Amino acid sequence: MANKLKAVILGGSGYGGAELLRRLLFHPHVEILRTTAGESAGKRVSDVHLNLAGLTDLSFEGLAPKEAVAGADVAFLAMPHKTTAQVVLDILASGVRIVDLSGDFRLRDAATYAKFYGVQHPGPQHLTDGTFTYGLPELNREAIRKAKYIASPGCFATTIALGLLPLARGGKLRGPVQTVAATGSSGSGNTPQLTTHHPLRASNLRTYKPLEHQHIPEILQTLRLAGGAEDVSLEFVPVSAPLPRGIFATSFVNVPAATTQEELDALWKETFAREPFIRVIRGARQPEVVGVAGGNYVEVGFTLGPVTGDTRRVVCFSTLDNLVKGGAGQAIQSFNLMMGFDERLTLAEPGLWP
Amino acid sequence: MANKLKAVILGGSGYGGAELLRRLLFHPHVEILRTTAGESAGKRVSDVHLNLAGLTDLSFEGLAPKEAVAGADVAFLAMPHKTTAQVVLDILASGVRIVDLSGDFRLRDAATYAKFYGVQHPGPQHLTDGTFTYGLPELNREAIRKAKYIASPGCFATTIALGLLPLARGGKLRGPVQTVAATGSSGSGNTPQLTTHHPLRASNLRTYKPLEHQHIPEILQTLRLAGGAEDVSLEFVPVSAPLPRGIFATSFVNVPAATTQEELDALWKETFAREPFIRVIRGARQPEVVGVAGGNYVEVGFTLGPVTGDTRRVVCFSTLDNLVKGGAGQAIQSFNLMMGFDERLTLAEPGLWP
Amino acid sequence: MANKLKAVILGGSGYGGAELLRRLLFHPHVEILRTTAGESAGKRVSDVHLNLAGLTDLSFEGLAPKEAVAGADVAFLAMPHKTTAQVVLDILASGVRIVDLSGDFRLRDAATYAKFYGVQHPGPQHLTDGTFTYGLPELNREAIRKAKYIASPGCFATTIALGLLPLARGGKLRGPVQTVAATGSSGSGNTPQLTTHHPLRASNLRTYKPLEHQHIPEILQTLRLAGGAEDVSLEFVPVSAPLPRGIFATSFVNVPAATTQEELDALWKETFAREPFIRVIRGARQPEVVGVAGGNYVEVGFTLGPVTGDTRRVVCFSTLDNLVKGGAGQAIQSFNLMMGFDERLTLAEPGLWP
Amino acid sequence: MANKLKAVILGGSGYGGAELLRRLLFHPHVEILRTTAGESAGKRVSDVHLNLAGLTDLSFEGLAPKEAVAGADVAFLAMPHKTTAQVVLDILASGVRIVDLSGDFRLRDAATYAKFYGVQHPGPQHLTDGTFTYGLPELNREAIRKAKYIASPGCFATTIALGLLPLARGGKLRGPVQTVAATGSSGSGNTPQLTTHHPLRASNLRTYKPLEHQHIPEILQTLRLAGGAEDVSLEFVPVSAPLPRGIFATSFVNVPAATTQEELDALWKETFAREPFIRVIRGARQPEVVGVAGGNYVEVGFTLGPVTGDTRRVVCFSTLDNLVKGGAGQAIQSFNLMMGFDERLTLAEPGLWP
């Protein structure tokens, strides 16, 4: 074990923490030093995440952030938005590497943060000065390799941005984009609430925060960095769907009327040619959740719509597991890159069928 | 409206209350005077039970029991076990008829109540003196017709007792009975909790309170009244299943080795011959939830097992909707009987298919 | 029974037939004379639709259309698209009233029918000459009252058209509209197939026929009749979701930049002011399936989006039960209107909660 | 790749085949030479099992058994009961090692096979002569290490037998045992049928083949080998539940009245002390599916029931994933043992949470 990196997981009792633990426990270069939790402090990890029974003797510790990272090489933060920012400020001086799954260091603009998260950021300089590298390998692989601090993307943000990435890369993404993305219930976290109460959720479809979801600026930031026009905007309708895991996104984009199928086929192919986790679906079917749930893979595809005036629509589809590629899996992928490992470590195995 | 009975529903914000409201709003002889709630007091009924939008202008009121029943002909109580007992004591002198969906007046023995509910009953004399009539029409129809106070049966109790009723009636129910009954999530009520959290519940099967469920003495009391032996006992394992509505019960009973299929066929047929809501399933299939969910109907059936020694097993199956025949529907059935109405009023329509 | 209308249900073994039977069996002015089926001919109705056990002695008959409607006042047709057209031609001379749930007489244009259904219509003159009245009461109530032949709308068509009706009525519907609508599995009918195989469907989200669904021209026809511009077009992405019943539609529409919330509030209010089954959802929440599943009610709502250039988006939400208001319920609503009955007969009761 | 074992999977298009492929593709000592299928012959593996896109270039081949195993070191058979027997006879002379997931070589008695599977076995001598070793490591580990032909246990059989194993080992298993076991829909295979049709299955609980399931003799054979009395018998009620994966079994056993909790605690502990995949659940909770679905682990537990006469009941609970420890995972576990590998290879990672 001497050569293993020592990792801590702050906020290990949620579903993001569960997925981190499940995978890092089997990572060949990682030893989990400890994990912390709030309400679950003192409980055995395997009494909270039942799937880990017999696989770890860890218990959740109720430590302050500085104590929590003592002796660690890397800290995975799987804590709520808004409370994570201060935790990061508390441990930044310690020298520990950070992979943060929250939304607190993803944006480069403090005013946007304040608008979408509803609070002032306690360390706004760290948003603008590039302390954190946005951990989307398909956008940012080389920067991630050199990073020390990773802001790992959100689940909706990853799904939607990956679905639109080829158009952005190809300089074809401009103006308002309309997106509907349906998500599984695990995206709401492990705290029971009315919107995840089984009798209601099991047979429901509903939207929440339409046009106002906090991932909107994160997605736009990614798309502009990838080549999207400055005027690109996102009209995003999240939908709650009755399955535990998975997001399915549909996005409508206006492209020049002359755009052809061949052109787009080439764009999708090139954009993801060397991506180990992206599957471009062509032919008879379109992306579907059941092909990716449980694993770190993403299915993307598109269909070319009709011409109206000087534009035609492209409808982009993308799907992934919100807790893996949309959460802990992607965090580990960035971690692997940051440490110089094969980025597929602990992530290569696909999800279940069925 | 002059001739309609004035009904109040105490505790109308839960799922039992929702089902009472949904049906009583369309009862030809009932006018709902008001409904009360605890935490939901002040909210419009249709903001809590979304299905009722446009169908009622009622809001939940936060009244003390005595005020709540003022002017009412009948009070339906859809409140939690243990708190209902005192509510009943508060309103008993008012003269209002009561249909109580809680477990507080079902048992005839205060010590058993104390043991299974974990508290002393505040009005134990009302358990023993027959103030309340147990509202299982298949057991007690004539008594219900004359009753003023109804203790409406529990969901597991109704399912299991109806499944075993023919053997009890036929004098063939004695000794220990083993029962496994799986239930939908609405049986846990409308308060979100970990056991009904969609990400976990949607793919889970688990037991809770095995051999200790509070419905055990209620079931035994029913079965003995129906003809079961004094020594009959119940080893009951409840199982939580991932569907919103429905209970499916399997019970193993030892009968004399000479018992025949014909004998049992006749027993089942006779027991339920004039029952409007009981369907005896014979032939190729057995009872299943999808045939009864959403309605007040019950499917019962059995299969005859092997002989070992001087006994052979009968395996009894029964299924119903926990919120209808296992809850509000049965309460209305008893109410209809008590008032001299056709017992099928508002209950005749079957559940959905599919 | 002398005064009751004699109804037959052709194609009664599917889910549309099941819902028709469930409700018509309790219709005060209807007697079900017989019902037919293909593969299920000879089976008892209650052996196919288990919820009807004990409520009907009918068996499915394997009759030719002419024989099937003999002696009937009204025929409900719940048969597949493409085969229904010929059935109608066979019985049109008999004088029986027809309520057709298939798509075969909804369109007014034979070429469009051929394009979207993939076959030539065998009686194209009946599309153009107004033989059939499109049975959407919110569009066509007065015409339905005078009709003899009803083409009852499709499930997606009803959901999406009702969601957009206020904008069409208000003269604000023009240009391309983007719609994503997720549907429950009962919409695929009662024949098991891979896309409704439980192990896959239970955790899946996927699209099918994106931009090509056969309901597109039906929706456009409705919207133009209601006041939509000639240039309105529909880019519709259907999504399969893991619930049994319900459709949830999200539509993006471009309106003039100056459009205000008040203006739209008034439009929605006016459009549905006297509609017994439409609930306009305002305030904190948006439409959701759980409020309408199991009943004939519809929830509609909208949110006003951002301005870009000289337009701004309105996002329209609508939800209903695909088998009730999206199928058999709406057919009965039109039948009630056609016969001069209260249109709410057998439809007034809401869906279940939960 | 030179040192890897060459494996073929016959019948790779079903769910058992999918799970074998998913895991064997990542097995460090295995190379998958080819896989066969019937109806899916000619299709790419990743067009049938969508989760494997990009992970294999294999297509299903339509080969006769002898050709299918040419050049292979080991053949995994994931084909239907009754057709597998002849396939085995066809390849037995080839010298290839066999791990058979069907039920065709599990029983030691041809008459029992004929009775429960409804056909004569084509090679009955191979049942009685010990050609095949029953691949339940918890019963048979040392024999498996020396085996060349493995009959891998059924899903219900594994669940129920492991739940009862401690009592059998402790000499406390005798007389009739009553078991109810609920199973997920993937246990019915990948062919759509009415019992797995989503609109019905999603909200249903039902039994099938009560007291007649073909796993009964397999379970009894295991339990007797483990120490159960000759007179032990099994009254088994299978229940279909609305989840994709998982089995939850409840078994009632009569033990001597003097049996104590401590005695049983010790039995469970000893029986599974060195078992890498069995988790004995003690304390506040009981086994539940959500702790094991997706992985090769099993949760077992019990509760001690009341004394009646000279016996008292022990209620045994057990749960596992029907496709992993109840299917392909266990087959790989036995394969690992047979080849002298660590039996946990490709199986150590737990299932998902949630």
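Quick notes on this one:
Here the chain labels run A, B, C and D in written order, and each chain numbers its own residues starting at 1.
Note that a contact is a pair of C-beta atoms (placed from the backbone, for glycine too) under 8 Å apart; a residue touches a chain by one contact, two chains touch by 3 or more.
This structure is a prediction, so every number in the text was calculated from the model and none was measured.
With steps allowed only between chains in touch, the distance from subunit A over to subunit D comes to 1.
A count of C-beta contacts for the chain pairs A-C and B-C puts A-C on top. In this assembly, the chain whose C-alpha centre lies farthest from subunit B is A. Subunit A and subunit C have CA centres that are 39 Å apart. Averaged Cα coordinates give subunit C a centre that lies 46 Å from the centre of subunit D.
Annotation: 36 Å between the Cα-based centres of subunit B and subunit C.
Shown for subunit D are the residues that touch two or more other chains, namely 15, 184, 186, 190, 199, 202-203, 242-245, 288, 290, 354. Subunit A makes touch with subunit B in their complex at residues 15, 184-186, 188, 190, 192-194, 196-199, 201-203, 242-245.
For subunit D in complex with subunit A, the residues that touch the partner chain are 15, 18-19, 22, 26, 49-55, 186, 190, 244-245, 279, 281, 288, 290-292, 294-295, 297, 299, 348-354. The residues of subunit C lying in touch with subunit A in their complex are 175-176, 178, 180, 182, 184, 199-200, 202-208, 210-211, 233, 235, 237, 239, 241-246, 248, 250, 252, 285-290, 293, 303, 305-306, 308, 313, 315, 317, 319, 354.
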